[in-house]
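The two complexes that follow have subunit A in common; it is paired with subunit B in the first and with subunit C in the second.
On to the complex of A and B.
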């Protein structure tokens, strides 16, 4: 048990609750809050957006995927950042000028249809839940790795903290808290990099690129916590205590090349220089294959790469908790400036994960055996720097990880709760505050329960599924809604349903049936590349067929979306969120 | 008999202080969605859309080319920038300042387009 790390996590949670309570005292009503946040400079607003955006998937997951997957996994951080270029160039200013606060508000205002609004609300809830789930899992992983806590505990603690923040008065995502959490995360991931690189140099700078597949440098003991299967590609002598290949073992053992099953609780001890057995779902890559793209031996690797780019580039603009924040800009120009600043802030952060991924192969290779590569950021400071400095750095990354899952979970929960209380719970309960609290509870409990039953995916991969659904639904809706006046309510509704159902079914099937191979597997596990064009085409074709339903007064809406605020045209059309 | 009362004469002439009716402001044209107003607005939308798509292409086309180039052409995989393979230098480091630069260019152009539009419709 690492006391410093425990204190750092607790402190991050307490500061989060404290700042939320403090800023909710500053602004008593939602209206106050908006006015207050409009005096916030663009860079601080951008910090808040980045703080909310950089989730457990970015803080922990990206480094883990790079450690396991190498050159092909750099698309995760690149995609998360490039998404903001598309958001900036095609969505930011018109969305702000629409005056809509949430995506359902935008749908209702642009298409004057409560039907489309309801579909959009359901999709916001779906994407929100898909996105919260890995945050809770990340919390569980962090607390388990650092403190030995049971895996479910982290998720429960995050849920409780988020509910305290929201119910305690911070009704809407709080700029101050989220901005603080961005800077905490940047420091927490960047500062250790300097120490890690210094320690690596002092160790004669071994290269992860020109080396063989990862080996244990020293005699290493690894405990296996779940029932797993591992692959070795050459005979290997080791010691084991526990159950291996369904036989009780206690002592020396020789493994032939192939797959071996390990029961939970088994302990393995490897001699110095032994190659690291890999979890059977991870490819065994030597330095060259790891550092070069498309060498991992995965089927249809090129398609998977492009589909991932597609999902991340286009998904960002459809993430409901990100879009909510653009409303807090004073005008369309400020929205562009904010989006540009977010590109800078997010890009700064993403310089770090590759370093952890690369060093992880050298200094924490046992994670490739247990499959817990998501823990590399948390374990590397102790493994490489060690000593007192290592402990303090571990506490720092622990605080950063806590900020990551708290910030994103809070933002998502507020967004999902807002939509739930407006469109579903609010119809049953009259008191808006009570209905918001009920909705907030529902917004965290569902993913918490799902997390207890669902098999764990790598964090960044799980988040990319939420991106895929967003890319297949809200991205075509926003693009057409902003730039094409002929989009009709029927076209939008059909497209949202087609894209949403296609992406969701693909994700569920690929998760439930892991044994599918070949093209079906590639298409199902990365659905955005076909589901987004499908949704877009559906919207266009159905809108053309229902041309008589073009939104009445669409030209007035287009005026509002696109003319700069400096021009004195009438902006009488009021979106629901602005009343 | 008294002399007949002189008839009142109304003298007419062009008034000199009259001003020509001011031209309708373009903002009204836009508000009333007349043909002229529509043309102004559509040209703004088209300009901004073209700029947005150009920005996206500037970023996405090179990125899409990367896996094709590196996947299909082995020699480029061996290139190094200092101790780093070229791939990692480009996608681990250089990509972030590059997209920031493109974004900055976009914001400048978009602001400029809007300022021109504002001058056009307000400045007659």
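On to the complex of A and C.
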């Protein structure tokens, strides 16, 4: 039980609730009016978007994936950042000029169709739930790793915090809260990096690249919490207490090369210099293979890499909670400026996870055995720096992790609740406040229940599934909706359904049937690379077939989307265009 | 993540999607007797055509409704014309669409339905044998015609059907005219509001400014500039909607001018979430409320009064409220003036009317008041509304 870390997490949660209730912008004299009614500067809005975007998957998950998977996993942070380049170039300004607040709004503004709007709403809810789930799991992992709390507790606490914030008056100053959480996250991940690198230098800078597969430097005791299977390449002598390969063991033991099963509660003690047995599902990589691309031992690694790039590059523009934040920008130009700044801010953050991944192989290799590589960011400070400094740094990363899952979970819940209350709950409940609260409860309770019965997929991988669905649905919709005037409502609806169903089915099948191998496995577990072009083609073909349904007044809409507000031609053109 | 969870998630997603689509489709297919089904089908087709026509007899409205009207009549081709050209065509013979305008001539001139000759019908397509042109009216003026072509000879049944559909369409056009009249009258009211910047206010402001000219010339200059800015905004001629930030700037200038007059007696609290500053609201929909608050909250007493203006983000909506701690009012009085009776709260009724028009009836003003308990006026503005982005 780490008291400092517990305090740090509690403090972050309290600050979140407190800042949400507090309004920075209360002006009491007319002199303050100007400040109180001025729009947020682009860099602060960008901080808020980054704060909402950098989730538990980024803070904890990316380092874990890099630790286990090496160079291929570096595409995760790269992809998370590059998504904003496409968003900036193709979507940010026109979307802002459309006046839309949510993605369903955009469908209505561009296609004038309630049908497409409803399909988009359902997809927003689906993507939101897929995305909240790993946040709750990340919270569970953090509380379990640092405080020994039961795994379900973290998710419950996050859900409760989010509900308090929303039911108790909403996010009064969401931009302030999320912006603050971005800077907290950057400091919480960057500052420890400096200490970690200094400690690593002091330890004679061992290399993770030129070495063999990870070994235990010292005599190490590892306790296993779940029933797992591990693989060893060569005979290994160790001590064990508990149940190994279905036999009670207490004392010295020799493992032959092959797979060994460990029951929950077993304790293993390895001598110094022993190679680290890996969880069966993780590849055993030596330093060379770890640091090179496409050496991760996965089938069709090249396809998987490109499919991941597809999902992350294109998925970002379809994330509902990110897009709503662009509404705060006063115009299209400011939206572009914000997106540009986000690239810099997010890029800065993503420098850190690779360092944790690399140092994790040297100093916390036992995570490769237990499979809990997502915990590497939380455990490294104590393992490498240690002492009081280690405790303070642990508290700092704990606060950062808490900021990560809280920020993303609240942002997503508010967005999903907004869409639910507008298009689904609001049809049954008239009072807008009640309907918003009911929707917020639904938005957070469904993923919580799913999370309670769930095992864990690596966090960053789980989030990439939400990206894949977003890439296969909203990215073709936005790209065609903004840049192709002949998109029709029927085309958009069919494309959204085809892309959404294809991506979801692929993900479900690939997780329900883990034994599939070869191309089917690769295609199903990384569906974005084929589902997105499929949805795009569907939209184009169906739109051409239903050409008579082109949105009435599409030229006016296009003019509005693409003309900078400053030009001012819109008004006169539009006035002349109709009637 | 356990496979079952993902399966569950997918099922949950599918259920949501299903519910949504079912809700959308529901009411389209419901069983009944043949007669009920036929009635339902006819009314449903008519209801499909109606919304487009509510825009008036424009080309896009005609194009959107012509298909449904032809379905309703079950004829081979249908044209909608205005008084000199064909606006929309559905069915066979699209290439000959311009000829419909000449076929409509007789109906347009006589103001009653006319049977076309078989020769005329064949000008459109070889397969057609008869045609009927019926005039469309709006407020008793002939504005266009429906021209229906059939491959059977024209009987009295078809004649009556075309006439009835023309009457239905004319009814929709009348409603469209009514909508336009309402919009025009609301616009006129905005113009009145602008012109109505009360003479008292102008007089009071100028006197207050004059009183500073010697003692505090800098402040007098600032106030004059505020006054200029305020009037420029209020008199601007374009656009029915404006960003909340712009409206607030004008409110700020207004309050500065009032403060010059009331001094410390007027306290102001402002709380605005930056997230909603770019929400589009009807032009001049907050300023009249603030003016009301100053008048009823402050002018009738000597002690300091406070006016609070808040605009907060709440999910997909922005809630704006203007509150004073003044003498308040009988709720009945406010209810009557909101329902249009002339009285002390013209601004209130006008804002209410324009909000309902822009965002729908559930977005009218909510007024909370009681004698000696102050007044709070709240409005709920959707961050996105198609009517608003359309402009």
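We take it that the second predicted complex is superposed on the first by the 550 of 579 C-alpha atoms of A that agree within 3 Å, B and C clash if a C-alpha of one lies under 4 Å from a C-alpha of the other, contacts with A are read in each partner's own complex, and residues count from 1 in each chain.
We adopt the following convention: a residue touches a chain if its C-beta (ideal position, glycine included) is under 8 Å from a C-beta of that chain, and two chains touch if they have at least 3 such contacts.
Note that the structure is a prediction, hence the values are computed from the model and not measured.
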Which superposed partner A:436 touches (first subunit B, second subunit C, both, neither): second
Subunit B versus subunit C as contact partner of A:427, first or second or both or neither: second
Subunit B versus subunit C as contact partner of A:98, first or second or both or neither: second
Contacts of A:418 with subunit B and subunit C, given as first, second, both or neither: second
Contacts of A:10 with subunit B and subunit C, given as first, second, both or neither: neither
When both partners are placed on the shared chain, which of subunit B and subunit C touches more of subunit A: C
First, second, both or neither for A:450, with subunit B first and subunit C second: second
Subunit B versus subunit C as contact partner of A:508, first or second or both or neither: second
Touching partner for A:340 - first (subunit B), second (subunit C), both, neither: first
Residues of subunit C touching subunit A in the complex: 1-10, 12-14, 16-17, 19-21, 23-24, 56, 58, 60, 63-64, 238-239, 243, 245, 248-249, 252, 255-256, 259, 267-275, 277-278, 280, 312-317, 362, 380, 383-384, 386, 388-389, 391
In the complex, subunit A residues that touch subunit B: 71, 74-75, 78, 81-82, 84-86, 88-90, 93, 207, 209, 291-294, 301-302, 305-306, 309, 313, 333, 336-337, 339-340, 343-344, 347-348, 350-351, 354, 483, 555-556, 558-559, 562-564, 566-570
Of subunit A, residues touching subunit C in the complex: 23, 25-30, 32-34, 36-40, 98-102, 105, 108-109, 112, 114-115, 118-119, 121-122, 125-126, 129-130, 133-134, 137, 170-175, 327-331, 414, 417-419, 421-424, 427, 430, 432-433, 436, 439, 446, 450-451, 453-457, 462, 500, 504-505, 507-508, 511-514, 552-553, 560, 571, 574, 578-579
Touching residues (chain side subunit B, partner subunit A) in the complex: 27, 30-31, 33, 38, 41, 44-45, 48-49, 51-53, 55-56, 59-60, 63-64, 66-68, 70-71, 77, 83, 85, 87-88, 91-93, 95-97, 99-100, 102-104, 106-107, 110-111, 114-115, 117-118, 121-122
